[in-house]
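Notes follow the structure.
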Amino acid sequence: MLEKLKHTVYKANLDLVENGLVIRTWGNASGRDKESGLIVIKPSGVSYDFMRPEDMVVIDQEGKVVEGKYRPSTDAPTHLLLYRTYTSLGGVVHTHSSYATSWAQAGKAIPPFGTTHADHFYGEVPCTRLLTQKETENDYEINTGKIIIEKLAEIDPLIVPSVLVNGHGPFCWGIDTENAVYNAVALEEIARIAFYTVLLGKTEPISQFLLDKHFKRKHGNDAYYGQNDDKI
Amino acid sequence: MLEKLKHTVYKANLDLVENGLVIRTWGNASGRDKESGLIVIKPSGVSYDFMRPEDMVVIDQEGKVVEGKYRPSTDAPTHLLLYRTYTSLGGVVHTHSSYATSWAQAGKAIPPFGTTHADHFYGEVPCTRLLTQKETENDYEINTGKIIIEKLAEIDPLIVPSVLVNGHGPFCWGIDTENAVYNAVALEEIARIAFYTVLLGKTEPISQFLLDKHFKRKHGNDAYYGQNDDKI
Amino acid sequence: MLEKLKHTVYKANLDLVENGLVIRTWGNASGRDKESGLIVIKPSGVSYDFMRPEDMVVIDQEGKVVEGKYRPSTDAPTHLLLYRTYTSLGGVVHTHSSYATSWAQAGKAIPPFGTTHADHFYGEVPCTRLLTQKETENDYEINTGKIIIEKLAEIDPLIVPSVLVNGHGPFCWGIDTENAVYNAVALEEIARIAFYTVLLGKTEPISQFLLDKHFKRKHGNDAYYGQNDDKI
Amino acid sequence: MLEKLKHTVYKANLDLVENGLVIRTWGNASGRDKESGLIVIKPSGVSYDFMRPEDMVVIDQEGKVVEGKYRPSTDAPTHLLLYRTYTSLGGVVHTHSSYATSWAQAGKAIPPFGTTHADHFYGEVPCTRLLTQKETENDYEINTGKIIIEKLAEIDPLIVPSVLVNGHGPFCWGIDTENAVYNAVALEEIARIAFYTVLLGKTEPISQFLLDKHFKRKHGNDAYYGQNDDKI
């Protein structure tokens, strides 16, 4: 079942490695089938050298395995909570990409320092609070999803398609799995140049009007970047 | 029409990716045909995986599409203003390359810290002022060109073939498209080593006489670098 | 003899280069045969371009060459002391990987700044004291092993599978040679992101309960990461 | 003539690019023929895409072209002065490799912060003084050689096989061209980790006795690194 989505999710996991965002098995990608609402996700801790599309695990939105011989990714409960909360999401990606993870480890949001950021994230990339001891020891992965949602609050997740989990790393998402991977790539690059920018002494983000200009140039009804059919 | 220039501009866009200056579609290159004055430029937001030479867009100096089924790059008005203002330019390149963009985000010119810089840029690589809200909201891409020209002022653009747009990233140019790509590569490298140099505690640029020596060793009538035929 | 282990150790040395941890011959890997207790180790200073599996040197636990036409790695005495002291070790790796070596040169332990660290190291990656002049001039390689062991003290080497030798670089180990290589890769990445994290202004490590959660999610009896058969 | 040396020098120039030390034509390598004393050096500014072994230029020790249709590298006078001064040198390499150049731009010697440094350089990698205006404007390349020699003073160039030219970049050498390339690779890596080490807060170099131990472990009569035949 869902062979095409399995292939997409399989390829997304490899793309994360190819784009330098994931070492070994340190990441995971998933996708949601629009019709059935079922989720396809990477199996936990299976070497990418041997992983095949048919090894992807199909789970329902509560996490019950519908098809697959492997356990789903340990982070599946986080993915699922995001899918249940935000019906607009079609793909979720979690990485430990170096620069984004460093911001997460520092417990700091990534300020919009330039138009590269504004082209992809409409405002800072937020960083969650730390989990309490109780939240860590029980239902850790669900609570990780909860503090992401708590942090986004009123923000549309598709205009800020990534959050840094404090002391951990980034979760990214999008309208589908490929889009989530794209956002993970964009996040890592803006995390990298924000890091250099900070070391060059900058502390203030760009103006709201420049942020508006660039984000809206690429996204929404007034977008004029790209060809007519690739607006998000 | 202009098949050779289309191929050059097409290849220039791929070269930007291959040289690590551009991720996905985050950049654009163009070239000017000397005879007709027409400009060939990358289409906006078309994936490089599918882009072909014949997808390049031919526009006149006012931006009217002369040939091509795609929209030209969103940044075309900036390219065009540079071509109209500086008749010596044959190619323009815009990237978000990591180190150059970080200097732009920090709002700082790149000082000439060594001879690697002096070999390519005759003085600091300037950084523009920020655009006002009005300049951002109306004719943004033309105004981006205007603040580049305002910053260059009396400087010959071929001896300082790049400017950093504040809060945005670099625009580079040259006598033709390949030369503009070359200057974008040189800029990223000198931005990188200038970044390291600053972190090692240096603040002062090299002397004017060392800058003169290296720039003139490679460029102009007294150049003695290279073979006789490749002086710029 | 031990042809399979020779091949594993040979391949481990190449993997260190392929993973960007070793330049030229600047590293070494070894493995212990469980049955015989013999050690297979890289020859000293042989170019990886010409090295073959059969060039690996077989030594006993005192360092006597049992088979092989080459001298064993200069660092063999350090490997051997670790094997003699910790019977759980099946592989040892020494590299000068850039970020881990920088922490070693700075004489600083790598604090657990996030879950990427906690997934692999149960606590900080310790840094040894400096060797005295006498320890340096006599039995240098054995004394290097001694200060590693002195630093680990009561710590199980399999839960903190790397130590930084002050002014030198990392030694890593594991249940077998592949596992030791994996830990060297993990170490370099956590050293890299810890470096960035420090530059972003962080000084405090993550909480003990988050460290516990992530380490135990992957290791030991209560692990629930991966499939049933790949717990360490 | 000297076809073998031409091939060696040709390959050395490509190796500098492959090892990430040289972009485009920003470097040069040369070699000295032991018997005739003639020097083979890269032509100036010829693209590596088209360069062939037979394009290497043969010059005598005064710089007179003995064979070759191209001009020799602009930096030939610096190479020649080093060859004339130090009869032990068989190869010279000049690069603008990023980290070494950054130290040169900062005008700082690279302190021996660890054993990776000590394995290759017996003491700090020195940085020259700046050239005066007069020295820059006349006989610039010869004067560049002179301040390298002035800085080395009593030091044997084979135990400190690189010097940073202030505001410029590194010159490296060795017993032959391959050895000079090897030293350029080693220099770039120790420049890189020294940069990270400084940012982690270290200022003091390692002790003289650790420097002695590691350098002498690899070089000279008491060396015990490598096999018997590859001591330098």
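The chains carry the letters A, B, C and D, assigned in the order they are written, with residues numbered from 1 in each.
Throughout what follows, a residue touches a chain if its C-beta (ideal position, glycine included) is under 8 Å from a C-beta of that chain, and two chains touch if they have at least 3 such contacts.
These figures come from a predicted structure and were not determined experimentally.
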item	value
Cα superposition of chain A on its sequence copy chain D - rotation in ° rounded to nearest 5	180
Inter-chain centre distance, chain A versus chain D - centres from mean C-alpha coordinates, in Å	46
Centre-to-centre distance between chain C and chain A (centres being mean Cα positions), rounded to whole Å	33
Chain B residues counted as touching two or more neighbouring chains	199
Chain-chain contacts as defined at top	A-B, A-C, B-D, C-D
Chain C - residues contacting chain A, complex	113-116, 119, 182, 185-186, 189, 192-194, 196-197, 199-202, 206-207, 209-210, 213, 217, 224-227, 230
Complex contacts: residues of chain A adjacent to chain C	23-24, 26, 43-46, 70-71, 74, 96, 98-99, 101-108, 130-131, 133, 136-137, 140, 167-169, 195, 198-199
